[in-house]
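Quick one: structure below, then a few questions.
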Amino acid sequence: MAVRDERPKTPETVSELPGEKQGLIAGAMSIVKGFSITVKAAATRPSTVKYPKERVTISPRWRGPLALRGVLGRDEIPLLRGPSYAYNELIDDLYKKDRLPPCVGNCPANVDARGQAYLIADNRVVEAYELVRDRNILPGVLGRICHHPCESACKRNFYDEPIAIRPLHRFAFEEYRKIRHERISPFPRTQGKSVCIVGSGPSGLAAAYDLLKLGYRVVMYERERKPGGALNTGVPAYRLPREVLYEEIDDIVGLGLELNTGVEVGKDVPLAKLMREHDAVLLAVGLQQSRLLPIPGTDAEGVVGALEFLWSANFKHEAGVRGKRVLVIGGGNVAVDVARCALRVGASEVKLACLESESEMPCHPWEIAEALDEGVTALCSLGPEEVLTKHNQVVGMRMRSCLSVFDETGRFAPKFGEETTDVAADVIVFAIGQAPKIDQLVAGTELLVSGRGQLVVDGTLFTTSVDGVFACGEIVTGPGSAIGSIATGHEAATSIHRYLQGLPLDGDRVARPVPVYPKHAPADTRGIESSRRRAVMPMADPSERATDFRQVELGLTRQEAMAEAMRCLRCESEVCVGCTFCARTCPDYAIAVERVDEAGARCLTRYDLDLTKCCFCGLCAEQCPTKALHHTGQYELSFWHRDLMVFDKGEMLRPPIGTRATGRDGISPPGCPVPRKEEA
Amino acid sequence: MATEELTLNIGPSHPSTHGVCRLVVRLDGEIVTHVEPVIGHLHRGIEKIAENRTYLQVVPLTDRLDYVGSMYANWAYCRAVERLAGIRVPERAEYIRVIVCELQRIASHMMGIGSSAADTGATSAFLYAFDQREKVIDLFEALCGARLTYNYVRPGGVAFELPDGWIEQCRAFIEQHPSAMLTIDEFFFGNAIARVRLKGIGVLDADTAVAWGVSGPAARGSGVDWDLRRDDPYSVYPRFDFDVPLGSNGDCFDRARIRLWECIESCRIIEQALDQIEPGPIMAEGLPRLLAPRPGDAYDHIESARGSLGVYVVSDGSPRPYRMKVRSPAFCNLAVLPEIAVGYTLSDLLVILGSLDPVFGEVDR
Amino acid sequence: MAAIDDLAKLLEETPGGGVVLTTLDAVMNWARGKSLWTFPMGTACCAMELIAASFSRFDFDRHGTIPRPDPRHCDVMVVAGTVTRKMMPAVKRIYDQMPEPRWVIAMGNCAVSGGIFYYDSYSVVRGVDEFLPVDVYIAGCPPRPEALQDAVLQLRKKIAAQSISPKRTRAVQSDLAMPSDPRKGDVTATRADAAGDVSEVTS
Amino acid sequence: MTSFLLGALWGVVGVVVIAGGAVIGVWWERKVAGRIQLRYGPQQIGPAGSLQMLADVPKLLFKEDVVPSGADKPLFKYAPLVVFAPVAAAIAVIPFAKGWAMFDTAVGVLFFLAVPSIEVVAILVAAWAQRNTYSALGGLRAASQMIAYEVPRALSVAPLVLLAGSLRPTDLVAAWRWWWVPLLALAFLIYLISSIAEMNRGPFDLPEAESELVAGYFADYSGMRWAIFMMAEYGAIITTSLFAAATFLGAGWPFDGALGVVALIVKAAALVTLVMWTKWTLPRIRQDQLLRFCWTVLVPAALVQLAIVGVVLPWL
Amino acid sequence: MRIEELRERVCAMYPDLCPLFSIEFGDGTIAVPLERIHSALADLKDMGFDRLGMVTAVDRGEDFELVYRLQSRTLRAGMFVKTMVPRSDPKIPSVCDLWPAANWQEREVYDLFGVVFEGHPDLRRILLPDDWVGHPLRKDYQDERIIRRPDYI
């Protein structure tokens, strides 16, 4: 801090200079001093910039005249496609260049939602379906049940309302369904090696799809009579009609998958045998048993696990709760599913009790909202204390008030208060989590299992303790979302592929980026045009829908879906889609944008920038979702006529480097540099 | 001998009116007997335009108010809007705002000192001061890509993160700036001719300054010890240690030289801010594109290079402000000119005008 | 200008005078182009960049361009900044005070069209070409000093096409069409007009 | 007749020298100012921009010659010539070499001091003819300043005359000894200061102060007429410097002949640079301060110098 | 000074106006009837509000809301004084006698809103040319020279 001490000290008053003397001599001296300063200045190097030697690098934030990188109708947006082993690299590359669309980046499986919207808007719905299926192997299913992290990251949140990406998956599937038999033919088997997959849940299917595509023989075993894993047994039918699931799995079978249902590995076939028969084995068995709480009374009659409850509700449409009061313990999505199923199988009253307060509930807000619509009562901030029984029959539950669920560091450490309440119930369903049940499966192999009954798995490479045996899905990640499981399936497939090719498993593999995208407060939608509003998903009436297992969401019509796809901003594609937000943001109203929305012939017909009004504030380029609109590294331009200053679309698409629109003849002034700007 | 007063019309385009001010002067010989500033030649109706822009779109307009110190108007406006909309600004953003605004103070005072020098004919001192200003502008250009109209401070924070290496660049600047200032001090304020030109000219006493609402360096030159950064602290200013230079005579010399010492103090503040700044967000989270604060009105003021700059925003709940009013310090400071210029010569009149350092974008709005 | 006009007329009429005239034009245009003294009609923000342009960092004097505070000594008026209705007569008057040949550079978008104050402002003149013949327009708000430098170079090209004999003045060479009449209005109103003008290539 | 022709010839030569000197001077001033102000100055035409004036002069020559409608036309038109003529005339008596001047007259020093003073009248006339408040103010300022500074200027030359015992400039050169420099240092300084004031150069450039009076007494002149004013100003710098170099600094000393002329020009050029340097270094003084400085500082100091020389003289 | 203290001091001075003292966005505001505005401002000046920061008006339809921003160096506080002036007869006493600073500020309000300040020493237009017609910051100001912005957000 030596420098700070040397800093001159502010005088008491600025009126006097230190050591100031009056008089002729002092005056003459001050003038001489002035001469010495100017002589010194004349001797120093002038601070004038010498072009082009000195000022060749300019600020990357330089606000030069605007230009477009590409426009709709001239430039295609890139579709994110690639074999699964190269896909991560593709995504990572885009992310580093800051060109990853937030919807893709926020999706665990990096499904190209942007490309989907692009193709649907172009009326290439089946192509869109196939693009999505590459990463999200069950678009029709996920289009109904996904928790759509893509939509919460959608850039459109910032402007008005997010794109309905999930309903578009569903719409694409419905279109595809009509011609699906024409589109399916088995992948050629090129590799001569075979992989066995245990479990037909989403993760197993994802891995199977990837491996089939790579040319392996894939054999899949499923314990139930129907494939689908947790999608089959756990997801209530009002959300996912089973025929959709079976059709999509059927497609994968059509691609070459050898599916054996009703075979329980470990019981019907020993795992060790499979390991001998196949070059690699993938365990995608998921979580099979519900957790219960170690509190008194859980062994009483009427206490059920969530999985068992859902299984019986889904397959028998009867869970023994008709006319009874059901209390669901837990605040997650499974708990809500249970509660809603309980209504549908005839429970007279359904309550949902959870530790968390209303705002902290781990389930998705729209799920609980729909449940509340249907008549479920939520009891928040209550922790289970004891199951009240009478003659080993449940009569209710004593709950203790919960003050806080997480400690300062965010760990799960509930603190309870003094108050207790008794809640009357005939059936208590615990939906507080699931656990793997793999003892039987791993018996006779060298697979390591941890003390808590969990398989030992590498979290990034999905290898187990035995060479050639891999695992994926919820058995690795713990309870999670379907799309998360699918993502692990892709990763495991990559590992298996590398293993079978004799490549190092990690090598130059890129960890999947998990970017953080800004959350936006709900935008003010007053006064905006109806074309900017999100398509509303038609829903069945709550009073009707709660009585049976019909679908709640009814799906978008073709027209709605097309309009919705057109709303997509094609974030980060560097192709202007004519979203008009630059024109709306411009404080000078200097931009005029028009486009034609004819499906198949979408194009930007007009992009006028009135450079005479532009104030170079940069607001438009800053918020441009596609980054098509950007500042060039040019100086402000000069013109011989004012009309030349209205840039039309062609002028906006001028190459950003090397030209100076000055005079429009490419002449740059002698001695002046062509400013350079780093271009991605 | 019968004499007659000469009426001289200076401006609106005159090399020393610092913009587009017209002065109607009555002269007795060379002595000014009456002066009336005629302003409004740059009245663009920004307050009316602001009523037709969204809250974000107003920010570029505020750039054009005080075009020598755009950051101030940005900041004052953003503070008023943040008050109105209840936005909490992240700490890092506050630090960045302080840093850029103190840099802006230096840039603006370089213009003020320089024009004081140019008015007395010391053109070279103006160029030396401007050389320093260019260095600040380089920093701003690296920060936001614009040289003059930055549009950098936004409701909720600041627009961009500091670029790589910027802090070092900034430190290098504040290392050399005080010594450059002392050279100018010696060169211009120490010069005998400049002293006789500035001392005892345009004396403004403290009571008049307060009564006329004069603020900033113009008031502090008269000994009015009032600096909003210290006396009505806002943002993170209470965390910094700095002095407020004061004058004792209230003449042009004090008004001009205070600016020089304020620059040196600004360097101190910037240095402390650069030491204290920590990583973090630079923008309040989750702001939608259109702000629509609830109905009400809010006023906030900051200490700009010219004095206390206030912005008064009235909202009616729509995404556009219902009324925006800028309390511009240059306007209030200029009003006192007829009080203090009478009795001095014509040459002095322009020096006095220069020492008030008006920027007509802000005076006329 | 009287002497020059006479000289031009004389040379036009003299046999062989055309050669002299051409040479004289070349010399004159070179001299005028290399010695463009500016009148800094700085009104607002752009004035700051106008000042910066002639100061140490950018040093306009290198190109022989110096600012003069007196319109009588200047060749080119740089209108830098917003011109309001109150200011307009003063600008016009100063332009009238400049001796021929004189040129006008509209620096910055306020001077070009009113710029950011185009809409909703009650007091801003929408472009100085409403009352001055502008030769070079510079976009920018404010333009960087380099852009002003560039405009001066553009103006030189324009000057190079002039002649002391009005008959011999050529059109400026440009790759793009030069519309015939400066336009007043906004984008929407005039796109059509501009398109029409493109066919009349003057060069 | 021959003497008339010779006079005419020398007149043309004088005008050319002054005009050429002015042209170079303007360029040199722009370079000097540039370097002081941390920039380069003209750069593009010729080496280091030295041919910049080749562009400026034809441009000014062919600029429109504006005569304000309210102006007094004859006075307005001819005043610049009257401003220029005395300056050009003054070069006639400057002793370029030992015993040689264009017009070697016995009252040369008097001629040099008196003839350029006619400029005042011309400036007043020019200022008045424009009917412009600024130029009128500038003209009045110039008049008061130039008349006042005549006195110390004349007094500062008087010791030289005393020492040489002649008013003929060539005699001054002949009589010059090196110890005159320390002896007459004060007189030289006074001469320089009062000459700067006389020429309306900074820091005494009030009559044309850019920041106050826009362009002062030539505010409404344009094109060539204005150029003549500028030429007169730079011509005055050159003649003043030449005179000072010839008389105070010993002309060609220590050389003779052609080398001596070169030495004289070099000395004069140094003085010209000093004058320019002063303008770009110092702030501008105010009118009342300027006059007070003249009467309370310069005139007494010049008298003191005269007295010193008077006292020393008998001992030499 | 904290704003609650300020409120108490003002309330002690004007018990009847106490309900009209509101605290919003961290600023104290007192609404004063038009006929008492001059005396109220004079009293507040005596209380220590030595600076008049700003005088402005807001067009509230039927009325103009005149806003005075007072600032005190001694009390270290600022507050608003507001009053309503009917649009039909926009007249209000000038406070130039209390703070000379009001001189130009009131001229500006007169210029842009057409509020007449009685007792002002020199009430002329300040920003607009003298021959301007109308008061542009009024919401109903009409001028064919204005080009309206496109209406989208």
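A, B, C, D and E are the chain letters, set down in written order, and residue numbers restart from 1 in every chain.
Assume a residue touches a chain if its C-beta (ideal position, glycine included) is under 8 Å from a C-beta of that chain, and two chains touch if they have at least 3 such contacts.
As the structure is a prediction and not an experimental result, all values here were calculated from the model.
Chemist: Provide the labels of all chains in contact with subunit B and in contact with subunit C.
Modeler: Common neighbours, subunit B/subunit C: A, D, E.
Chemist: In this assembly, which chains make contact with subunit B and also with subunit E?
Modeler: A, C
Chemist: Please identify the chain lying most centrally, where each chain is represented by the average of its Cα atoms.
Modeler: Of all chains shown, the one whose C-alpha centroid lies nearest the global centroid is B.
Chemist: So which chain is the furthest away from subunit A, centre to centre on CA atoms?
Modeler: Chain centre farthest from subunit A's centre: D.
Chemist: When A-D is set beside C-D, which has more C-beta pairs in contact?
Modeler: C-D
Chemist: Go ahead and note the Å separation of the Cα centroids belonging to subunit A and subunit E.
Modeler: Distance between chain centres, rounded to whole Å: 53 Å.
Chemist: Just how far, in Å, is the C-alpha centre of subunit E from the one of subunit C?
Modeler: About 46 Å separates the centre of subunit C from that of subunit E.
Chemist: I'd like to verify one number: the distance from the centre of subunit A to the centre of subunit B, where each centre is the average of its C-alpha atoms, in whole angstrom.
Modeler: Taking the average C-alpha coordinate of subunit A and of subunit B, the gap between them is 47 Å.
Chemist: Spell out, as numbers or ranges, the residues of subunit D touching 2 or more other chains.
Modeler: In subunit D, 34, 36-40, 210, 214, 280-282 touch at least two other chains.
Chemist: In subunit C, which residues are in touch with two or more of the other chains?
Modeler: 55-57, 59, 62, 69, 86, 116, 118-123, 141, 144, 186
Chemist: Counting only residues that touch at least two other chains, what does the list for subunit A look like?
Modeler: 31, 34, 37-38, 41, 46-48, 527, 587, 589, 615-617
Chemist: Would you mind giving me the full set of chain pairs in touch?
Modeler: Touching chain pairs, listed by label, are A-B, A-C, A-D, A-E, B-C, B-D, B-E, C-D, C-E.
Chemist: Using the touch definition from the top, list the residues of subunit C that touch subunit D in their complex.
Modeler: The contact residues of subunit C facing subunit D are 1-4, 27-28, 30-35, 55-56, 59, 61-64, 66, 68-70, 72-73, 75, 97, 99-101, 164.
Chemist: Mind listing the subunit B positions that touch subunit D in their complex?
Modeler: Touching subunit D: residues 6, 8-9, 14-16, 30, 117-125, 127-128, 131, 188, 191, 193-194, 196-197, 345-348, 350 of subunit B.
Chemist: Over in the complex, which subunit A residues touch subunit E? Could you list them?
Modeler: 527-529, 580, 583-584, 589
Chemist: Mind listing the subunit E positions that touch subunit B in their complex?
Modeler: That would be residues 24-27, 50-54, 56, 58-59, 67, 69, 71, 73, 76, 78, 80, 99-101, 103-105, 108, 112, 125-129, 136-137, 148-149, 153 of subunit E.
Chemist: Any idea which subunit E residues touch subunit A in the complex?
Modeler: Interface residues on the subunit E side: 149-150, 152-153.
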